[in-house]
Each structure stands twice: as C-alpha cells, then as structure tokens.
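Some structures to go through are shown next.
One chain, chain A, links the two complexes that follow: it is found with chain B in the first and with chain C in the second.
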Partner chain A sequence: MIAKKTEKKSGVLLNNPIVKAIGTQRLIALLALIIIYIVFGAISPAFRQYSTLVNIFDASYYIGFMAIGVTFAITTGGIDLSIGTVLVCSSLVTGALATKYNVPIALTLILCILIGAIFGLMNGLMISYMGLPPFIATLGSMMLSKGLGSIFTKAQSVTWPQATEADGWFRSIFKVNITNANGLSTPIPTGFILLLAVAILMAILLNKTRPGRYIVALGSNIEATRLSGVNVAKWQTLAYVISGTMAGIAGIAYAAVYSTLLPGGGAGFELDAIAGVVIGGTSMSGGYGTIAGTLIGVFIMSVLKTGLPFIGLQTHYQQVATGLVLIFAVFMDVANRKKRN
Partner chain B sequence: MGDVILKMKDIDKSFVGVHALKGVSLEVKKGEVHALMGENGAGKSTLMKVLTGIYSKDSGTIIYEGEEVVFTNPKEAQEAGIAIVHQELNMMNHLSVAQNIFIGRELMNGKLINDKQMNEEAAKLFERLNIDIDPSMVMGDLTVGKQQMCEIAKAISKDVKVIIFDEPTAALTESEIAELFKIIRDLRKKELGIVYISHRMDEIKVITDRVSVMRDGEYVGTLITEQSTKDDIINMMVGRTIYEEPKEKSNVLKDAPVILKVENLNAGKMVQNVSFELRKGEILGFSGLMGAGRTETARALFGADKKDSGTIYVNGQKVEIHSPKDAVNAGIGYLSEDRKRYGIVLAESVAENSTMPSLESFMKGIFIDKKKEKDVSQEYVDKLKTKTPDVDTAVMNLSGGNQQKVVIAKWLIRDCDILIFDEPTRGIDVGAKSEIYHLMNELAAQGKSIIMISSELTEVLRMSDRIIVMCEGRKTGELSIEEASQEKIMHAATLRN
Partner chain C sequence: MKKKLLSVIMCATMVSALVAGCGSSSSADTTTDTTTETKTTTDATATDTATTDTSASDDMSIYIVSKGFQHQYWQAVLKGAQEAADELGVTIDFKGPDTESDIAQQVQMLNNALNNSPDAIGLAALDTQACLEGITKAQQAGIPIIGFDSGVPGAPDGAIVANAATDNYAAGELAAEETYTLIKDKISSATATVRIGVMNQDATSESITNRGSGFIDKMKTLIEADGKTVSIEGHDKWENKVEGANVIIDVAVPAQVTAELSAIDAQNLLNKTDTICIYASNQHSGEGLINGDANLGKLGNSIVGIAFDSGELIKSAVKSGKIAGAVTQDPVAIGRNLVELAVKAAKGETVADVDTGCKWYTANNMDDADIAPNLYD
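Right after this comes the complex of A and B.
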C-alpha cells in the first residue's frame, strides 16, 4: 500500500491539489471560521462593524501567542498546562515592577518574556532530564506560577499604565489609534501584524530548521531519533522553552489589551490555547504540528468569544460552542484517518 | 491431510492507487501446514488480512467449512475459529502474561476479574505447549522470543480450526524454533488447518506440507513440499536463484588495521567483560541464543544504554561514548533489531529519515536545504535500489526490506565507518535479504567495518569473516570463518557458567 506523505493528512477530496496543500482539517477549520463569521454577521448588524473586528483581534492576541508556543510542546507528544498561569504570573510580576517599583517599561517587557522562558526551561528540564511526564511537570509549574505571582504582588491586583499615560506606549504595539481631521479616532489592530509575524517566524522554525525537524521527529519516535545521534533532551527542552517564552509574550499582549491582572488568575487560558491548537490540526499524540492551523483555531476561539454576545447568547455559550467545535474538528480528522486505513 | 477446510477464490483487493490482490486463490486442508510464500509486497499479509476480516475484499469468495463466509471484522473471524499470530507483536506490555492471553474474554468471578484462575489456566496452557513462562510476569519484562511464544499460546488458547502464523520464527532462536515446530506438529495432528508465512527456506522444507507462492499480488502456484526443491520455490517467488552457501574464507586483508577495539565492556548483567577487535573491511558476526547479551553489548557500545565500565578505541584513539550522539560522532552507526521502534520514524518521509543523523551537512544558513536533502536521499535510494515512489513518501508505506535500506542509507550518508547491524534481515523476504547481504559485502569491500548480530546460524556462517559467540552476557567463543561450523557455534553459545 503506497500513499504519498501529503495524503496522510487529508482524505475527503484526496485528489484536489488545493485540499492536499492545506490539509483537510485545516481546511475544515478555515471554512468553519468563515461560516461562523458570516452567520454572526447575518444575525447581528452590529457584529459586522469594524469595531467588532478590532475586538476579535484584541481577544486573539494572548490566546494566539500561547497557542503558537504550546504547538511546539504538543508536537513533541507532550503538553504544557502551565502557560495560562505563567502568562498571568509574568505579567503580574512585571506589571508590579513597573507600577510599584518604577522599573522602566521596556525592561519590564523583556523581563515578562524572560519569566515565561524560565518557566519553560524549568518545564523542559523536568521533562527531558528528570523524566517527569509532561502533564505532571507542567501541572506542577501551573500551580507554582499561580502561587508565586500572587506572593510577589501580596495578592494585590496590578493595573498596567493606561494608553494615555507616558508609560502606556507599549499598548501601541497592539493597537494604534489614528485620529482624523474631524477628531474621530480609528483603532488599527497592529497586534495582528505582530502575531502574524511571530507565527510566520515560528512556522519557519518548525518546518525549515533543524530544531523544528528534531522536535517533529522526536514527537513521532523519540527513541529512533535519539539513536540517530540527535540530542533529544536538548530539543525537547527547547520546545518547552518556546512554549514558556510565548506565554511571556502573551502576558504582554494580555496586559496591553485588558490592563488589569488578578492574582491567581489565568487557569483555564491554557485550555483555550490548546483547543485552538487541536482545532487547527496539530496531533495530540505528537509528530505533527501546524502553526497556520493553530492560528485558524485561535481565531475560531476569539470569533466565538467576541461574537456570541452579539447574537444574544451569554458568554457561557462560548464554552459550549467551543467544545462542540473542538469535538467536531477532531472527529472529522479521526474519521478521515479511519476511512483511509 | 484431510478435507478442505478453507478455500479463498479469486480474491481481489485494491487500495488507493495500488492493486494489492489480483484474483488470488488459496486452499487449506485439515491437518496440513500450508506455506504461503512470496517477497514482501507480494500480498501475503493483505490476503491474510482479508481472510481475518481486517480488510474487506473487493470481490471473490471465501468458503470456510463448506459455507461461504464474510467476516467484517477480526472478531467475527476469531469467533468462527480463525486465529492469526501476527508478525508484529500485539501485546500490552504493562499487563501480565495471563492478562494478555485472556484479553477480551477475561475469566470472571461474578462481576470481578479472576486473575488467579487466569494465571492457573495460562500455566496449564503453557504446560501443554511445553513453554517455560510464568503467567504472572509482566509482558514487557519478557524477551521478544518469549513474547512471541505468548502470542502463539494466546492464539492457540481459543477454539481454533484455522491458524495463521505470520513469520513466527523471526524473533526466535534455534531452540525456540524447535519448540515451536513441536507445537505446530501437535496442531497438525489435531486436524487444524495451518497457514505458515515465512521467508526461511529451511523451515519451509522442515515443517510444511504444501507451498503456495504469490508474486506482485498474484497467485503463482502451489507445490507439494516433499516433491520440490528450495530452488523450485525460490524460482517461483523471484525467478532467479539465490546464493545460500556459507563463506569459505575471510575477505579481510592480512594487514587490515584494527578500526574498533573494545576492552572489558560491562553493562549490567547482560554485558560482562566483553572485549573484541574489529578490523577494516571486516564483517564480524555476533552469534548466540536469545538473551545472550549481544544486543545489549551493541547498545552499550553505541551509548544507547549506560555502561558500567570499559574502554573503546576507534582508529587507535580512545573515545568517550556516553550517548548515541558521541557514538555517531565517532563514526559508529547502529541498525536496530526493532526497526519500527528504534530505527526509523515511521510517519516521516524517506528523505527526512535518511538525513536525520547528518542534518548538519544539509543546512543553508539556519534553513534545511530541502533540495539537497531530496537529491542526496534520492541518490541513495538509487544506489541501494530502495523501492519507494519518491523520497517524500512516509517510511511507514515501505516494506520491511526497503525500510531497512532507508536505515542503511542514513548511516551511509552520515559516512559512518563502523556499522552495527542488529538482526539485519529480521522480517525481510528472500529477495530483499539477498540484496541486503550483497550490500553488506559491498560495504565491507569498500572498507566499512561491520558488526553483524544474527540469530540465524546460516546467516552468520554466510556473512561473517570472524564470529564471536556470546552466552549469558559473556563472550564464550571466537571463531575464524575457516574453522567455524554450526556445531562449534552452538557449543560456545551454550557454555553456561
């Protein structure tokens, strides 16, 4: 039985070259995204407004960065449950440094990313060198980061500087307000450009470079990869460092959009990110990861999150809807795989 | 031989783009051992999967015990009394031997599982089959050979009328094979229909009554084993004769330098004070029974497992090997006995697997030069005559022999001078086997040095320039090919303390 490698990720319309290139699950996810957007728009005129689109982008940044990062951990066949609380911890700590200890904003942003990276490194070392299962190791650092953030701020919430303040310049990384002659201000979602740029960089890293190749290979068969003379512990650790670093960047994005961070928060964010990754088509058993898919998955999440209130449904329905989309997306993939075998 | 119990007629089966079975027929009688032979990719496994309900057929009929049957899943086939012992082990490593044997039909004590009774029943079964295994042991702790025995016991433990052995001896030692044959003869006496898939000619002659041959998805013909020669069968399979004679004298040059020297290697119980030398252009055979510590020696040498002590010299230089990476850097490549677990990444392409150890040399800046990667992989696909549609094909779609070639390619691309072949032809058919042998001889002639671990005595005698024999973790013999014989090797292989 001979099948081309590209075919193993597609199934329904095997012979269509476009489907082959995108991959069935990614295609389904993309179509789902477009359909959800059109349906919401048809029901609610307000949803079609530009400001709503900006809101959708706003809601996508922090999940997006986390999801891109955790794609790497999942591709190794592992998981990173700590990203949600690491996001809050790093943003909480550095926000406190900025507002209470007068540390320059530029430095706090770097520190925010660094804290994420350190948690990632810790996860990676526990998993690769100490041999802890990823679920347990990252569950541990989830609790750790949650607690440490609260301890540092003495259980106080932190509010990052507003856009109008001098120190609020960092918010323009994610949103720039352009005021026209009539005094009307139009927000430009610049964060999307950053998210896209990071996604492209990470996609290149995953698909075109040695670290990426090794991460995919070890996710597929770690022992065979090790016996090929590859230092698997190093590359496995790197995947978690990327995951943590991205959670740190997500911390900045969260602060820029939502301003206030509550100590002990963030638990559950990681599940939104992981859902996005899985909807996008990355394999939970490792050995296959797609950043483009992840991005599509993330936007499905944020369209649902932003759009459901517009059609008169409360935010609780968002979870129901996401759950259904998640199950449906993965089911389609599983069904396709089965059909082919 | 009694009445026909099973008749498959004009079976047709296609997969996407591949016509796997083209009107194949097969007839099995009660109380016969019927060999099914053919090169890998000939369609033997597909035919058996159709029979046992794993695949559905496109057309054709299956007549079982006089009635036409259609099995839509393996369970139906099992319930009808058709069992299969798979080539690949299908065991749950964390469960006990008895739990594995009774999986899906656990013995119950009310609503609870009765482990005690299952252990007793399994023990009775083993006793009947003359197998020495403790049913309460964890499956994963057994050797591959013992696991295979459990698999066979499991198949036999059900009320079966037809049993299919898919390369049952691939992982077994000579003595275990003898035990297996006793079991098979026993089953034959009980009027079972037995289908026996194997690539080992010697076994076919010894154990089977008739031989059916397949080639390229087609049925070629059936012979009565007694009335045919090895060459008849091989000719039907491949249409050419294959070199089967043992090597007469060493091909290593008199003054060939020592390229690898291992001194007092120790690693746990299975590797005790093993010392040996490997010379340039030499094929050094490692013989011994299952569990003799040969694979463990290779793995310790390669840095795959931790070693307790021992010194390794490559080209006269002492080298520190603590990980496979160190070994690869020292120019050592390892071809594992368990390809799918340790040799290749199944879901990745031929090109990706081929370049894995040497990816450094395929970089253009920080990017992988995919064109160069493909070109070089293609070059080795051509050189080794690997059968694959292209280098982008996932390795899982290749046959065993071709997967092995991908593993060889990956070490050749890395330019390793010392190659450790651990059971290089396990699960590989006659044609591909002969190609692998040619390849190994060619490599040795080019000055590569090869350590070949093999459980097949004929293979050891055919390929090696020198033979090291191990028993229970110790080196118990070293024979030049000129003095070696099956008897001398077996003698050394059983020199227990």
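Right after this comes the complex of A and C.
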C-alpha cells in the first residue's frame, strides 16, 4: 500500500514535475479555489472588497482548525465525528468559567484546548485499546460532549467577553483592528497567520516526523505496521488526541468570531470539516493525508459559503454547491486511481 | 382490563424514568429534579383514578414545552413561570428542545408530557402541524393547553384555551413605526432605490414570521403613505415584486439556524450599496447582524440597525449606538401569565388570551425602570 502511494505520484494525469510535487487533486482543488474566487469577484464588486476577504477568513478559522485535526484521524483510516460538539462543549464550558466564575481568560483558553485533548484521548483509547470502531466511538463522544456542555451551562447560552471589554483581548489572536487617524478601523486577520502556522507545523508532524509516518503507515495497513514492531495503539491514539486538541483550538476561534455559544449546537460542524479534508485530497480509506490540501478544501467551502449570497443566491445554495464540489472532488480521485490501475 | 391497567402503569413508569433521565441532563435548574420525583407519584395516582384531580392546586402539575433553553430569553420566561408556580403552590416541569430547529424533538417532548397526564400543558410550538397529533390527544384527554411566546397558531378551534404571548404582529409594527422615524428623511431625499433589509431566523415559526410580516406590512403602508413605491423581495413567503420601486424590502432567511449562516446573511445585506437599514426580528438574527458587521463597521454609520429582544451582545450594541433601537418583549410576564392561566384552566375556570406587551428601547431609555427588568443578559 505504501508502494502504491509512490506509484500514485508517477501515474498522474500530467507528468509535469511541478504538478507531481503538488499532487493532482490538490492542484485541481487549488485551481478550483482560485477560479471560484475570481468568478465571484467578477460578478460582484462587493465581493472584491477587503472586508469580504476578512469575512471569508473569519468563517474559515473554526472549520480550518477542526479539519487539520481530523486529517490525522482520517489518515489512520478512521473518522472523528465528535469534533463539532467537542468544539462547542469546550468553548461553552470555558466560556462559562470565564464569565460566570471569573476564571482568568488565559487559563480558560488553555482549558479549552485541554478539554478538546481529553475528548481526543478518550476517543483514541476507545478505538485503539478497546477496539471500538472509530465511527461508533466518536459518535458516542459526540453525544456525550453535546450533553455534558448543556449540563455544565445548565442549558444556557454563553457569551464570551466582547472586544471592548478588558477580558476580550483573546479576540486579537484572531483579529486586530487598526484604527487610523481618521478613526476608520481596518481589521487585520491575524487568525489566518495562526491557522497557517499551525497547518505548517502539523504538515511537518504528519509528513516529516516519526509519529506522523507511523500514523500514515498504520492507516495504510495496520497489521503490517504492527508486525514491523510499531506500537500502533499508541500512534493511533495520538491521531485522535491531535484531532481533539485542534477541536479545542477551534472552540476558541469560534468564540472569538461568533461570541455566543449555544448548548446543543455543533453537530454538523464536523461534516463541514470532513468535507474540507476530502475535497483537499486526503483518502477516506486512510494511508494518505495532506494538510495543505485540507486547508485548500476548507477555503473552497468558506469562499462558497460567504460568496454565494453576493451573486444573489441564498445560503441554502451553499449546501447544494458544497455537496456537488464534494462529490466531484472524490469522483476525480476515484477516476484517477482507476486510470492508474 | 387488568392487563390494560398493568400496561398503562408500566408505560407511565417507563416514561417517568425517561423523563427523570432527561430532567437531569437538560434541566434548567436543580429544582427540576425534585419536581420530577413528585411527578412520578402524582402520575401513579392519576393512572389509578384515571381522572385528574383539580380540587386543590397543591398537587397540580403543569408541563411546559418551550422552544429551547439556549437563549437567555427562555430563562427569563422560566423565571416568571417559577415565581408564579411558587406563589400558587404548583409544580412546573419546563422542557425545551436542543435547538429551535429540532421540531421532532419538541414533538417527542409534547408526547412525553401527555403520557404524564399533567393538569395543564404550556406550549410554544416550533411547528403547529407537527404538534397537531399531540394537541388532539390532549383535547381528548381533557388536558387544557395554554399557548405562550408564539403560542400554537392555526391549532384546531378550542384546542388552545388561552395564550400568554406578545402580539408579535403588533411588535413588528411597533418596530416599523420607530424605524420609519429614523429613516424617513433618507427615503424621501433618496434619488435612487434604497433597500431595507429584514433578517428572519426562519419562515415557519409564527412568532418570527409575524414579527417579519408586521414590520414589512407597516413599513410598506408608511412608505406608501408618503407617496413612494415598495417592492418586497428575497423570500417567497413575502415576495411582492414591483419593478422600479423606490424602496426594496429585502427579506433574508438562513438555511439553518446557525450563527455563521446568519452572519453571512447580514454581511450580504450590509454589503449592498443601497441598504439604509436592517431589521433583525429576534435575538439570534440580531446577534447575526452584529457579528456580520464586525469587519464592515457600517452599523450606526451608514446603515441603521434595528433588533429584537436583548442579550449581552445586543444590549452592548444598543448602548454603543451600533443598533439604533430594539423591541423587547416581557418574557417574565409571559412565564408568569402562562402559569396563572394554566392553573385557572386546570380548575375549569374560563380563561382569555393575555397580551404581555412589548416596548421600544434605545440607548437613552434602556436603563429606565419600566424597560431594564425586561432586558436579560
């Protein structure tokens, strides 16, 4: 199976070395992203505004962090359905700690990530040591996190401190407003830099380090990896811990952009993230993962989501469009693979 | 017969176990647990005698099925209901679905309520059609249903004995009247078409659609009275297109009730160059409007923002002038009237609808004694 991956690189549609380096599906996805952006911009002048770009970034942070994390789970050949509700749970709980129990914001941010990591660890242990199928294990923790978040907050919504308040400083992690002499403020999407930095770190972890290579290997063939003396349970667990941790970070990003968290929400976020991963070219059957592709996939969805209303289509059409893009992306991958065989 | 009785008792026990389980996971406060316990005993007596004892209000139980818990608005309703329940010595059980899109979950809650044979049911239906079966069952069992918040519009005659609700259509009209005074000059001096955005969380629940309709109809009347033409666009429910109209009322309804989709709807309206005003018809849409403006900064500058209800985000936006004004309901009065009506109805007294009222608030009067208690965080 690992050999097949190298084969994939040589058997692509175009034999151009640059294309080979980027990978066909990623290249198609990137081109699609650019084309969608240009088409929207050509139709709607308002879409070309700087503020729209910042809106696209805003809408992509929480999905982006979740998608980077779940790329690891999917690369092992598994899935993590709990990330959406874990995002809401960790952000709800820590938001309530900050606003109702006066816990310092810095501590709540760390706790938010930690809660995500704990759910991830739980998923990992259930899957690798208890042998539960990933779909079932994470479905369980999806319901668990949804319920626990509601219980902790007594089913009330939580509004994180606003930017104007002293405790609202955490929002500047994702956006800094620079006010010029005329009193006009320009938002700087610092969250994008953070997202990019995390993506690069995670890409290095996945592709260039020993744990990352083990995750890829066990996703390709878990028995062969086990027989070659690798502690597969440990590395499989790690993949879910990363997934959970990133969901925790996504919780902070969501709070920074949308302020209010509703208990019971979050189910469905994970599907947006998973769609982004798949559009980006990560194989659902495991053994191959690409963080760069994931990021491109996430932005395709964000651009569609934010952009469709600009060309006169309501947000309902975004779901139709994303569905079509998802099917097309996977079809390209399948067709490509067939051609090679 | 004995078999039947046994199975009824078993059903009741199972359902109360279910409710007890639900109660601990989604209860709004700790008192609900004890409420459920007492309910189990009243259930047993109710099943034995097969009739509801209405002589004393001491052991009276009222089941309240709301639209959800998440928004602080419902906490204020619960507060009012609890106060009235304590005064009247009745127990209430306050339930609500996870989100305001979970119609199926609410139907199940209504059915659970019926299986517990309470003395009265309070219902704020997400969708009347979906609740119809439960409503009919309640009618057959002789359990009075009191509508609250948006009530149960379009229910069969006599099924809903009374409503404790804001007249949402009138509330929408109030918003339109107050808004019109703010944008009148802009409309009369405009040389090209101007646009008024309306953000509705959904097009199914009666409270939301009535607030939208009240606003749209009144705004249309006011504008036409000043000799301008109006075209209503954006959503089929309200669509009334007029070519070359002076004012476009643009209605946006998101695909799902989520913060990000509402923010995108708001951004779309804010980005249209001819928009002069946006009205958001509930707390969720209001928050979407404020979030959507985060990178644009148009609210309070080139665009007048109007909201509904309160909550931290909306309150601080009104204070800072981003939102010019908002309509608040009186959720505490809704809860209080609901329980009072329910007790009366359970005792067999005649009851009539109560309009719990609404008020317009701005940065200037939001701290006044008659406004402040209605604004929740």
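Please note the rule applied: the second predicted complex is superposed on the first by the 328 of 341 C-alpha atoms of A that agree within 3 Å, B and C clash if a C-alpha of one lies under 4 Å from a C-alpha of the other, contacts with A are read in each partner's own complex, and residues count from 1 in each chain.
The definition used in the following text is that a residue touches a chain if its C-beta (ideal position, glycine included) is under 8 Å from a C-beta of that chain, and two chains touch if they have at least 3 such contacts.
Source: prediction; values computed, not measured.
Is A:S185 touching anything from chain B or chain C once the two structures are fitted on A? First, second, both or neither.
Second partner only, chain C.
Check the residue A:A217 against both partner chains and state whether it touches chain B (first), chain C (second), both, or neither.
In the superposition, A:A217 contacts chain B only.
Just chain B (first), just chain C (second), both, or neither: which does A:A321 touch?
Neither partner.
Contact-wise, after the overlay, does A:I74 reach chain B, chain C, both or neither (first, second, both, neither)?
neither
Figure out whether A:T306 sits in contact with chain B (first) or chain C (second), or with both, or with neither.
Touch status of A:T306: second partner only.
With both complexes overlaid on chain A, does A:S150 touch chain B (first), chain C (second), both or neither?
Only chain C is touched by A:S150; chain B is not.
If you stack the two complexes on chain A, which partner ends up touching A:Y258: first (chain B), second (chain C), both, or neither?
second
Is it chain B or chain C that touches the larger share of residues in chain A?
Counting contacted residues of chain A, the larger count belongs to C.
Contact-wise, after the overlay, does A:Y288 reach chain B, chain C, both or neither (first, second, both, neither)?
first
Which of the two partners, first being chain B and second being chain C, lies in contact with A:T159: first, second, both, or neither?
In the superposition, A:T159 contacts chain C only.
Touching chain B in one complex and chain C in the other: list those residues of chain A.
In the superposed arrangement, which is not itself an observed complex, chain A uses no residue for both chain B and chain C.
In the complex of these two chains, what residues of chain A are touching chain C?
So the residues of chain A in touch with chain C come to 46, 49, 51-52, 54-55, 58-59, 146-147, 150-151, 154-157, 159, 162, 164, 175, 184-185, 187, 257-260, 262-265, 268, 305-306, 309-310, 314-316, 318-319.
If we count contacts the way the header does, which residues on chain A are in touch with chain B in the complex?
1-8, 14, 204, 208-210, 213-214, 216-217, 220-221, 223-231, 287-288, 340
Mind pulling up the chain B residues that touch chain A in the complex?
15-18, 20, 46, 302, 304, 323-325, 327-329, 334, 336, 341-349, 352, 356-357, 359-360, 363, 366-368, 370, 388-390, 392-394, 397, 410, 414
Along chain C, where are the residues that touch chain A in the complex?
24-29, 68-72, 75, 96-99, 102, 234, 252-256, 258-261, 263-265, 267-268, 271-273, 287, 291-292, 294-297, 311-313, 316, 320, 377
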